[in-house]
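Structure provided below as structure tokens; questions to follow.
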Amino acid sequence: MTSTQDATGQNDRYERGLALLQHIGGQERPAVLDSLADIAPDLGRITVEFGYGDILSRPGLTLRERQLATVGALAALGNAAPQLRFHIDGALNVGATRTEIVEVMVHASVYAGFPAALNGLTAAKEVFATRTDLPAEPAAAGAPDGDRFERGSAKLAEVDGHAGEQVIASLQDIAPDFARILIEFSFGDIYSRPGLDLKTRELVTVAMCTALGVAPQLGVHIHGLLNVGGTETEVVEVLIQMAGYAGFPAALNGIGVARTVFAERESHQNSDV
Amino acid sequence: MTSTQDATGQNDRYERGLALLQHIGGQERPAVLDSLADIAPDLGRITVEFGYGDILSRPGLTLRERQLATVGALAALGNAAPQLRFHIDGALNVGATRTEIVEVMVHASVYAGFPAALNGLTAAKEVFATRTDLPAEPAAAGAPDGDRFERGSAKLAEVDGHAGEQVIASLQDIAPDFARILIEFSFGDIYSRPGLDLKTRELVTVAMCTALGVAPQLGVHIHGLLNVGGTETEVVEVLIQMAGYAGFPAALNGIGVARTVFAERESHQNSDV
Amino acid sequence: MTSTQDATGQNDRYERGLALLQHIGGQERPAVLDSLADIAPDLGRITVEFGYGDILSRPGLTLRERQLATVGALAALGNAAPQLRFHIDGALNVGATRTEIVEVMVHASVYAGFPAALNGLTAAKEVFATRTDLPAEPAAAGAPDGDRFERGSAKLAEVDGHAGEQVIASLQDIAPDFARILIEFSFGDIYSRPGLDLKTRELVTVAMCTALGVAPQLGVHIHGLLNVGGTETEVVEVLIQMAGYAGFPAALNGIGVARTVFAERESHQNSDV
């Protein structure tokens, strides 16, 4: 746990972090360092060492997954437009497509409301306008065919399984229309869209719910991520990453939810034996 | 639960939603559709179908009430200035007065703090400056006469009844001054103001508390809305509407609080028999 | 509890508040009053009477402490840039240094994430650029020497004591790396920095956790503030102050957490006898 620090006060965490920040940001000299140089140069160093050298360098998630999770969380929080633009650009630099980024914003309408989605798309448009280097992508999907309720029910079962059914059942006595709306809109309209694979969609959902601090839904969607192919390691990685974008309290409270979910699944497996 | 979809991919949800969006927004061609046309046209369609065709078209609240609830929630969240301006304008288009909108912002000082109130008023000023079509309104109220504590205590009893008294009692051992401040400022200064009727004030309070995710206060003010003439249907409607502006987790957690409050009132009524 | 109101509708709360607002804001005629004059003059009056005359005039915290707490809370919320700038300027007017304000922003990276810290520093730079009247301050600290984990562990023990150890222990089964990261970054890198004394750091932490509504961490850091020399009165004062900047629900929920912490400490003391 000691760091190797050279004569310039830099160390391997700094060098590893700087290389990663250069890669994600697509800049030889990261703008964040210049912007902090005259007011808080230490925070520039810490951003490189901790944010990029420690956290984003961790294995367990691809850089594309990490950037899409960050984009989702910042869009959901809705209060950090400069960083949202930076990480949209960064997502494009590590393999995410414009379509995936648009889908993250559309997905935010479910977890943070339409204003968050619309303002996220405004940020995306601003970034996309600067990126004339990107290849053409297929046009966005049209309205899916078929019945929204049937499609939504199937998707809800696929993603949230038993936990999702419980949410729906719990609404029947008080707001049955809202149960129908949740299935039709959230799962029939949004979760059923192409353009972002289901596992990444749930990863982004976990990031959004962690950043917003909505514990019950975070529990449902940690189950969801595990249901659609995610691993406990991936859950923990996205929670740790959120410490840097929404603060340690958000990450710690998310870890508490994950502990409960993991225990539920372990106990459920054991009872199946 | 199937939709009628015509050859252009539109359906009755779209047509109903578009007519309502045109009415609220006061624009033949809603700007949100143009803004999304090149990046996420599906979200434009979904905004019309879901946001306006499904949610805002529901019975149970007037459009004026719905718009004032949205204005309150967006002012409290403080992170969606473009949408706040749009919905202030929309509130004026469906019968809300400038005085009512100002009062919603002043009310936000209690639930989201003075910065939220001040920034909400800045948005209101920007919108009002574009609306030379509106009739003059009476000048704002001056300072109410009389004792703030007496006036606040009476208003607290009227709105929050037993739940409000419990909050005050619970503060006596730890922060008795804060109990007095809460009565004098929140209820003596703000709740006692003219310009926004008490039922709408509580409806807006429920919207704000749902958007902010403050469950204990949401419970107190669901009681409050029911105490001043609101119905359980109106409570559920404003909670459902918040799904579109603060996300489904906020709405679902609000429904959970409402279930508890409705059960408390049912059990209380039964014990009175 | 009656107010003395003179012929102009003003009273001692107004006069006391106006004098304090002039002092903090450094303006003979506060801009907030002009900005509200044509839209909500009552809110201008209430801001003076309640915000400054009632709350910020209270004893129990210095104005420097109060302003740094407000700066921390607004930086953490990240949705009120005009007020953040005003209160940074105000902090400078009542004795806080630029270094302390920078440290509050750096500290925000732990509790609200790096975007909050970066945007807070942008606001600080904007304010500092207008303040050519301030004396030079020593340059910012460089990277501390020594092992981050050892330094962090010692600082965690100093600040959070038993509550902090419990947090770390609870992470061992699910995210042991995150326990190490929390110690190394939060306590080894940030809490160990010079430029802001430990008691003020914890006071700002309590303000941030109250504004963000993260109850478990608020509990840990109310303990922390009391562990590093703060008093129960100071805890209550900063919670009351947050009513004005994050709303009464945030303050009330914070008071609930404080009640539990105070009782824990009382019971612990009694069991020591």
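Order of writing sets the chain letters: A, B and C. Residues in each chain are counted from 1.
Everything below uses one rule, namely that a contact is a pair of C-beta atoms (placed from the backbone, for glycine too) under 8 Å apart; a residue touches a chain by one contact, two chains touch by 3 or more.
All values reported here derive from a predicted model rather than from experimental measurement.
Chains touching both chain A and chain B: C. On superposing C-alpha atoms, the copy chain B sits rotated by 120° relative to chain C, to the nearest 5. Centre-to-centre separation between chain A and chain C, using Cα means, comes to 29 Å.
Within chain B, residues 77-79, 213 each touch two or more of the remaining chains.
In the complex of the two chains, the chain A residues touching chain C come out as 1-3, 5, 9, 32, 35-36, 38-43, 45-47, 50-51, 54-55, 58, 74, 77-80, 82-83, 213, 236, 239-240, 242-253, 255-256, 258-259, 262.
Taken together, the chain B residues at the contact with chain C in this complex read 76-79, 102, 105-106, 109-119, 121-122, 124-125, 128, 140-143, 147-150, 167, 170-171, 173-175, 177-178, 180-182, 184-186, 189-190, 193, 209, 212-214, 216-217.
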